[in-house]
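My questions all concern the structure below.
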Amino acid sequence: MRRREIISMILAGGHGTRLGILTKYIAKPAVTFGGKYRIIDFVLSNCINSDIDTVGVLTQYEPLKLNQHIGIGIPWDLDRKTGGVTILPPYIKEGMGAWYSGTANAIYQNIKFIDAYNPEYVLILSGDHIYKMDYSKMLEYHKQKSADATIAVLEVPLEEAHHFGIMNTGAEDRIVEFEEKPKEPKSNLASMGIYIFNWNKLKQVLIEDNEYNKDSDFGKHIIPRMINNEDKLYAYRFDSYWKDVGTIESYWQANMELIETLPSFNLYEEFWKFYTNLDHQPPQYVGEAADVKRSIMSEGSEVYGNVYSSVLGPGVIIEEGATVRDSIIMAGTIIQEGCVLDRCIVSENCVIGKNVIIGEGENIANIEKPDIYYTGISVIGEQTIIPDNVWIGKNCVVFGTTRLSDYNDRILESGQSLILEGVES
Amino acid sequence: MRAVGIILAGGSNENLTDISSNRTISAFPVGGSYRTIDFTMSNMTNSGVNKVAVITQYSSRALLDHLSSAKWWDLGRKQGGLFVFSPYITNDNPFGYRGTADLIYRNISFLKRSNEPFVIIASGKHVYKIDYNDVLKYHQEKQADITIIYKEANYEKASNYGVMVLDEDKRLIEFEEKPLEPQTSTISLGVYIIQRTLLIKLLEDLFAENRYDFVNDIIIRYRKKLKIYGYPFEGYWRSIRSIKSLYDVNMDFLKKEVRDLFFRQYPYIATKVKDEPPAKFNMNSSTKNCIVGGGSILNGYVEDSVLFRKVFTGSYSFIKNSVVMDGSYIGNNCYLENVILDKEVVVSDGRKLIGSKEKPIFLEKGSVI
Amino acid sequence: MRRREIISMILAGGHGTRLGILTKYIAKPAVTFGGKYRIIDFVLSNCINSDIDTVGVLTQYEPLKLNQHIGIGIPWDLDRKTGGVTILPPYIKEGMGAWYSGTANAIYQNIKFIDAYNPEYVLILSGDHIYKMDYSKMLEYHKQKSADATIAVLEVPLEEAHHFGIMNTGAEDRIVEFEEKPKEPKSNLASMGIYIFNWNKLKQVLIEDNEYNKDSDFGKHIIPRMINNEDKLYAYRFDSYWKDVGTIESYWQANMELIETLPSFNLYEEFWKFYTNLDHQPPQYVGEAADVKRSIMSEGSEVYGNVYSSVLGPGVIIEEGATVRDSIIMAGTIIQEGCVLDRCIVSENCVIGKNVIIGEGENIANIEKPDIYYTGISVIGEQTIIPDNVWIGKNCVVFGTTRLSDYNDRILESGQSLILEGVES
Amino acid sequence: MRAVGIILAGGSNENLTDISSNRTISAFPVGGSYRTIDFTMSNMTNSGVNKVAVITQYSSRALLDHLSSAKWWDLGRKQGGLFVFSPYITNDNPFGYRGTADLIYRNISFLKRSNEPFVIIASGKHVYKIDYNDVLKYHQEKQADITIIYKEANYEKASNYGVMVLDEDKRLIEFEEKPLEPQTSTISLGVYIIQRTLLIKLLEDLFAENRYDFVNDIIIRYRKKLKIYGYPFEGYWRSIRSIKSLYDVNMDFLKKEVRDLFFRQYPYIATKVKDEPPAKFNMNSSTKNCIVGGGSILNGYVEDSVLFRKVFTGSYSFIKNSVVMDGSYIGNNCYLENVILDKEVVVSDGRKLIGSKEKPIFLEKGSVI
């Protein structure tokens, strides 16, 4: 097998519970973003754009959609005879099975996979983040510093630093201390969860740490252990767009940023393309009576109504007389005649019946999950059907093949949830 | 599917009659996202044909680029699923183009090495959707030697095509290529099903007699000796032969029934993936009855037009009844009506171009005006 | 996604414990066979040769080697944009993880995967068997019979029928009863573990059975349930070569059959090739002083010594003066000068030192595992190193980087085991 | 790797001098499992070049078949990693072969569309192993315009090659193609590294002056104007030009050091996978100092020979000092010495063929005797 200088391991196993119904049946990295993409497309594209052609994707939670999406890696030019992209779920070893119990534990369980490529460096990434980064420059920095590990960091406002893992650095940005969500942060350098390690060093630390921590985690265990060992860890400063779309609000916000005339995250740059798996790609159509402004439309979507400040996924249909505003409509969803949607997220393959109104009313936080749905956004889960003439308020969640009888007098008040179980496929 | 496919993607007589472009018709953009050849390629693969030879006479670079990876049609096989044959020169074969049958004969080893009992021969310049399995079934039911797909056309148009006279059983009696006075309005679509071994034999016989044309030397010459049948096709079908027909076919995609046929009804048309981001409609844009390809950024007004991928329109520009191909740039305050912009055309600020529906203005690839 | 008429699901999760050290770190379907192949190559090749282009491989036990071997499916022409080969390990659904607990349970857990292709039929295969079969003929039979399920059966000698799952059939080979290893068999039609089901029917039965049997198994639960439901089940008689290489002896025997002048299982037929993943494929070399008879040699193997009635894997080297007889030497192993090997299985990437003798002495069954090693065959595990001048008897097992000090006076008596743990890679 | 590769896989002067075969040398079998072009292809991909153009003049079907899938060299990319350019005819370009530089010039768009700063130009008829990264590093250290890989040869042989005179710094002073009286024994291996933009400029200048030959019109003509350096290569290197050299190169693989270099030392040579089962040595066979390819079945005696894949030898047949290519069948009681059987030759029972080492008997592909 051909040796690789560097291979990349993407942690894509997270459940993403703060995304509520959006991650009910799919892993967070597989959630769509920006119309036609899925969240993991951004790191996968960063890898191939940085000339890294060997990528492991560590999954364990609802990986079906992720597997289908990645396939054999054709969209990212990662379909290779050796290397390319490999999905790495947990497995049974010598009669004993083990789920991944922590970020570092997931890498620990795949030591053999990495060893097969005998790489000098390993790049650890998270499958949850939206950004553009040339990892080859970070690798250059890592080599220049003769580092054992290099961690990408973002300067955050000091008053927000307590939300992050903070790197305290000494001379030449050498990391001297790591604090997870410190109450009194000493620095504003937040870890982006992007690490380059010398593989031999990391392997040794992983084996060592596994003796003590069965749920070994990079932030909690590996980095502190290495600092303690006086290994050479450096911070690599990054100062461009980077988003962890971890909540409903931040997910919605990041999508909305794409429709600005000059977006802070630009998808349209020829020299740093993002790739995705989209088989069928007819063009977009805008009808005779349509009005589309400040919006982006993906392949095969058709608008016959009004769309303002919204993001439409592939194959979406907005029928005549419908109005969609400040919303995200995902792949394959149909919004029928006369609907009015305001600040909504409608997942894939839904059908919203005629004259349905969603997102009007008082801003009452969701009663069951007030920590998830409270910023006024109503969320419709995938493959949901909503009957004609229904009125749905703010911070609502709807999921399943709903019928008129599921609604109280055709109304779902703000903050209410309507989740029908057992309608998986 | 028990057939291999041959797509004739451009002979010397197959350039657009009214422009001096090196591009073969098969490589021309159609319907906002596709190239002409995608329709026949997808008909083949959607019918389960998994070995296709594309034979080109003038091997335009655009066509070769388009076919440079077989992945998009899922024809990437260990021993090759998609074969692109360009003419080549050997000591035995120093000739240029001599006819459609000659093109196939030169690649006869492709046929000899296959095992599939049937061959589907089609053209790369047609826009339609068909399941060749239905035709093959018909071919076998009729115990035909050759089956030709045909269509009833307007009588006036028939003289542009091969015109067929069929008996009651749909067996071919007469065939005339572009007749001055057509006997019928039954036109051949230039798509044939034939037994592989019979085709090999016919080609070898032809070559021995220095005959090289499929229609004249096989269909017409053997019309009585072989059992040749017609298979009626009734759906949407267009052949691209001129700037006008290129314009008309593109405009057809503004009709819902055409879009639904090709974009929404399974099976779909596959094409080379371009990885463009979503189309972007900025604040002051206005778009009515338009196709807009991925990666386009719109600031102006567009009506009744087909915009391909990565088109940019500037503020206060107005585009109507036009076809704008990939990567073209239209500045601010322009006015375009009944215009075709080929790929990567730049229209500077303030320009005005007005053609007619009968004779749209055509700007060649890469022009800057 | 393009609809498929039939897709195939290969059960490749078995541990294969009766193959002893051979399956210590690799799943049984990944064990090499016939020199250059791995056991799963035979069913994978059967699939593509039968025009089935969509295959799921269900794994859970030590799948690393299997994953590496299958890769993106290039050797079998199964690298497709849609369809092709997909590895299907267990995963976490809605916060709950579940290993595959039975053959049918494994399919049950992958209903969504199958549904995505919306197939009419599903072919269930085992990844453990060696045979040639055109599944398209079995499918034809299944359609002809308008069956709900068709099960391939082999006529076995009645006196051996009690080792098998036996199908009792009525008119036209309709299955009326299934008995697992019956004491008094009523028929000699043994199930080969090859099933075609109408997918809609199977899906319904799987969901039903899951209510009662969390370890749902085809033989134990699904087939009896369907017979009980009066579904139409038919037996499809197969009368060609078929082997379950489940034990050390049967594995050795099946390999040896390949070297016959007219083998009962013929690898050399042009119209039914077997495919495998072999990247590097230089030719074989036979040296000046070598003697090779009644043997097969794989790519890149070199013989300078004597090889009789043996099977050599890719890259094997038999040095001058060494004699190998009635043995299987797997990929990458080196047998140094002066060795004498008789009835041995030497796994991949071993180094057997100079003048080592293996397989002489009394036929004493292995003391620790007498049920596994008792037919005189000694087995050397993968990546094992044996020092010079050692003498090893019959029914021995050796594994690990052994040193002289691990042997008692340079000798490992017949029936002894020498297994050094913790030398994984 | 910051370079694209161009492999010249056969011009009109590149057929084996002493047989009338249509196959280009690049497609000839070497070393039991490979085709000649595999060595240069693998050198490219093993050096990290991931965009390679193979340019053929006479596009032999054997070569096209061999390259029909890019998978074996892991060059299958969305937008193409392996490009095979055969000559094609356009209105602008009705000519046949005019020279090596012309071959490249005709495909100049490949160079123009690339981003890599360097180009490696190599021949498809050489057998050797090299890491082009070392050459590229040297090229940059010397700040060379062009670097030519060279080797010290036997003085007698030098007159068959391009002979170079280098100064102390290894800069090229003189270059003579196949000189009658070579000034040195420093021979060019016909492998060049050059800046991509410089190559484009040189080719365009040449074409404007109707010049078409890489060696005469670039290397020799510009030897003073450009900084051209030599890079010394010291390993095993052979060029296949005749039946005799084809025979000799194959026989070289019976030497342990040659086998170890290509078969055992990383990185390996990749080739199209053939899926043959293991070689089978039956009861009464005897094999001494032989290469035997997969799928072969041996019943007879073979000594000091190279047998490719799927060779069958019958009982009591004796083969010595011979090269037997893929799929050949040798019956019972035959005697072959100093013979080359091309692919799929059938030798009937009892035949006797004895050539000499200097002039081995050559039987063309598919012969039956």
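Going in written order, the chains are labelled A, B, C and D, and every chain counts its residues from 1.
FYI, a residue touches a chain if its C-beta (ideal position, glycine included) is under 8 Å from a C-beta of that chain, and two chains touch if they have at least 3 such contacts.
Quantities reported herein were computed from a predicted structural model and do not represent experimental measurements.
In this structure, the chain pairs A-B and B-C differ in their number of contacting C-beta pairs, and the larger number is found at A-B. With chains reduced to the mean position of their C-alpha atoms, the one farthest from subunit B is C. Centres computed as Cα averages put subunit C at a distance of 41 Å from subunit D. Subunit B and subunit C, compared by their mean Cα positions, are separated by 49 Å. Across the assembly, subunit C contributes 74-75, 79-82, 279 as residues in contact with two or more other chains.
Shown for subunit B are the residues that touch two or more other chains, namely 71, 76-78, 273.
Residues 2, 74-75, 77, 79-82 of subunit C are the ones touching subunit B in the complex. Residues of subunit C that touch subunit D in their complex: 34-36, 74-75, 79, 259, 261, 267-268, 273-276, 278-300, 302, 311-312. Remark: subunit B residues 31-33, 71, 259, 262-263, 268-271, 273-275, 277-295, 297, 308-309 touch subunit A in the complex. In the complex of the two chains, the subunit A residues touching subunit C come out as 1, 15, 24-25, 59-64, 67-68, 71-74, 79-82, 84, 86-87, 89-95, 97, 99, 111-113, 115-116, 279, 424-425.
Across the complex, subunit B meets subunit D through its residues 22, 58-59, 61, 65, 68-69, 71, 76-80, 83, 86-92, 96, 109, 273.
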